[in-house]
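Here is the structure we will look at.
Chains here go by letter, A, B, C and D, matching the order in which they are written, and residues are numbered from 1 within each.
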Amino acid sequence: MNWGSPAEFFAMGGYAFYVWGSFGVCMIAVVIETILLFRRRTNLLLQLKSESSGNP
Amino acid sequence: MLEVSALCCMRGEREIFRDMSFVLADGAWIHIRGENGAGKTTLLKALTGLLRPASGSVAWNGIPLHESRDDFHRDLLYLGHANGIKDDLDAAENLMLAGSIVDAPTAAEITLAMRELGLNPSSRTPVRSLSQGQKRRVALSRLALGRTKLWILDEPFAALDTAAVASVCRLMDRHLDRGGALVLTSHQEVPLGGRGTEVWIGTPQENNP
Amino acid sequence: MNAFVAVLRRDLLLAMRRKSDVAMTLFFFIMVASLFPLAIGPETALLRTIAPGVLWVAALLASLLSLPRMFETDFADGTLEQLALAPAPLALIALAKILAHWLGACVPLVVLAPVLALQFGLDARAIAMLCLSLALGTPLLSLLGAMGAALTLGVRGGGVLVALILMPLYVPVLIFGAGVVDADATGMGAAANLSLLGAMLAASLFLAPLGTASALRIALE
Amino acid sequence: MFSLFNWFRYASPQTFYPLAGRMIPWFAGAAAVFAAAGLYVGFFVAPTDAQQSEVYRVIFIHVPVSWMSMFIYLVMAAWGAIGLAFNTRLSFMMARSLAPTGALFAFLSLWTGALWGRPTWGTWWVWDARLTSELILLFLYLGVMALQAAIDDQRRGDRAGALLAIIGAINVPIIYFSVVWWNTLHQGASVSLTRAPSMARAMLAGMLLMSLACWMYSIAVSLARARCIMLERERHTAWVGELAGSAS
């Protein structure tokens, strides 16, 4: 185990900004991409539903 | 002989027509009809090989188009919506350049072809300053130049006056008599002799037989 | 081969009728190259260092600017359709048009480059090297550019788009081309750069017309 | 013959749509598992680096996203080539669905590279061969996406984008070579990101696990995006109509 305490873990030996900046932004990017995809899909399904109910 | 079998064409994800089949024998002509936007130009483009059909095939003299493109193009004269002439050049130069890619026509042949369409062969005016009808005439002069066997013409009579329509029809009749084949679209009746048929895209309109 | 000569003559004739297009490309080249000393300052040593890069970038931008001419008018007036239906390989026709573009848009740049190089205080040997690199590199710009021009044919915002898709492809040409003068001046010899440019030219002479032809067929559908 | 038939059956959007739907959770799950394992190895098993201390841990995200950004470009070009050769609609949809994810990875590679560069080399950006190539790769992605978006006719956009992706893929090695050449010529910062072969086994394992996670994630996301594209394009067909009706 590399870390004595959670605080030490989060400090990353003084490089917290760089390490968490990298991992954090990647995480955020992944989450945003997933959310956007979900929204695109739900909007699309709603649209298709209104289209199919509009002219059966 | 042009054979079209089970042709289906798409524009984007929209199906324009499907199961289009017909045979065009030598010396025969086909008038493609349909409302605006029915897909007449799409069909013509598929016949020339410019447009790749979604399914089905077009064959020239029994050989599918994509297998012998150059041979087919040697036999083909296509005239689209656009005239295919350069605005910066005069009529004779245009015909000379268009012909030179296939086989260079002589100046005498070009003069003759322009006379057929009622154009002044000695005019050096750039095509830019000609009227729409005159531009169309320049483009159609290629009909009188060519020795091609298959003509595919998109709205050849657009913007033409009666005299020009008559001379184009004369050229077409001569072409058919020589055993040439012709496909054209037009919104007007086409007064041609010989074996002509109509092909409809979509449903035929009621006022037509 | 017949078709190749015919298309080449046709495009050159058309370029002769529109001399203003050629002039505009040249003016653009001169202006971009002249802006750099104004922005950076008249310090001769510095200008001499950046000259090959500046002139190369200016030539690249000028040729980029002239690319839409290659197919756009032919596409609009229907002559491109006719060329695609000619009984000759479309790649050969594309090659003729590329050569015509190079002769009409890039050769004037190569000819003018020495004059601009004098502005930057390059010596005779460096100028010769610069012209050599441009003479070998600009055909590559035309060849790669033809693919970009064909892909963006008739597309809205085509001018910016063509720049966007071509910049990455131009990177090797720029690096090897602009490096020629430096390599020669530092005594390393420009042979490696020049032969790399030559190799790329040979490869794209074969591949780029094929790519252009496919792109044109896609655009004409 | 039978296998060929099967392949074309799955190449039709109508049959591929539900299949992709069933596959997505598995790939997403695999991505989560690999990511958890990779992060565990990266943060808890891999020892602190003697020279770079903890900041080297950026490697566990930087290298995988860089690899993926290059790999996805090749896969995208391959789908495009298949589409151009066999005229299959599904290939173009896959090519289109991969581009945004690939561009995202290229961007993340640059971002993490900058964050690593700052403490290690003292500057946010170095004209290092790898970083420069990665930047050009991002431009290539943006070019393909811009071209696809600018062409209104979908079919033409697909085919033009595919052709550009192929042209780009042929050029990628040349670009990389030219940038390395340029870099050594100008004696710029030449920094080795991947470390010597003596790299601890734990570091390698962490990187591989994270790469697998990125790979699985890319598949899941691109399948999901492809499903959206299918629905958008085939909205006038019967099967989409039925699907929209039954979704109520």
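Just so it is clear, a residue touches a chain if its C-beta (ideal position, glycine included) is under 8 Å from a C-beta of that chain, and two chains touch if they have at least 3 such contacts.
What you see is a predicted model; the values in this text were computed from it and never measured.
Listed by label, the chains touching chain A and chain B alike are D. Rounded to whole angstrom units, the spacing between the C-alpha centres of chain B and chain C is 37. The distance from the centre of chain C to the centre of chain D, with each centre set as the mean of the Cα atoms, comes to 32 Å. In terms of their C-alpha centroids, the spacing between chain B and chain D amounts to 47 Å. One inter-chain figure worth recording: chain A and chain D are separated by 17 Å, centre to centre, where each centre is the mean of the chain's CA atoms. In chain D, the residues that reach two or more other chains under the touch definition are 155. Looking at chain C, residues 221 sit in touch with two or more other chains. Multi-chain contact residues of chain B (touching two or more other chains): 52. Contact between chains, per the stated criterion, is found for A-D, B-C, B-D, C-D. Taken together, the chain D residues at the contact with chain B in this complex read 87, 153-155, 233-234, 236. Per the touch definition, chain D reaches chain A in the complex via residues 43-44, 46-48, 53-55, 57-58, 61-62, 65, 100-101, 104, 107-108, 111-112, 115-116, 118-119, 217, 221, 224-225, 227-228, 231-232, 235, 240-241, 243-245, 247-248. Put simply, chain C touches chain D in their complex at residues 147, 151-152, 155-158, 161, 164-165, 167-169, 171-172, 175-176, 179, 182-183, 196, 200, 207, 211, 214-215, 218-219, 221.
Those residues of chain A that touch chain D in the shared complex are 1-3, 9, 12-15, 17-19, 21-23, 25-26, 29-30, 33-34, 37, 40-41, 44-45, 48-49, 51-53.
Across the complex, chain B meets chain C through its residues 45, 48-52, 70-71, 73-74, 76, 78, 80-89, 93, 97-98, 100-104.
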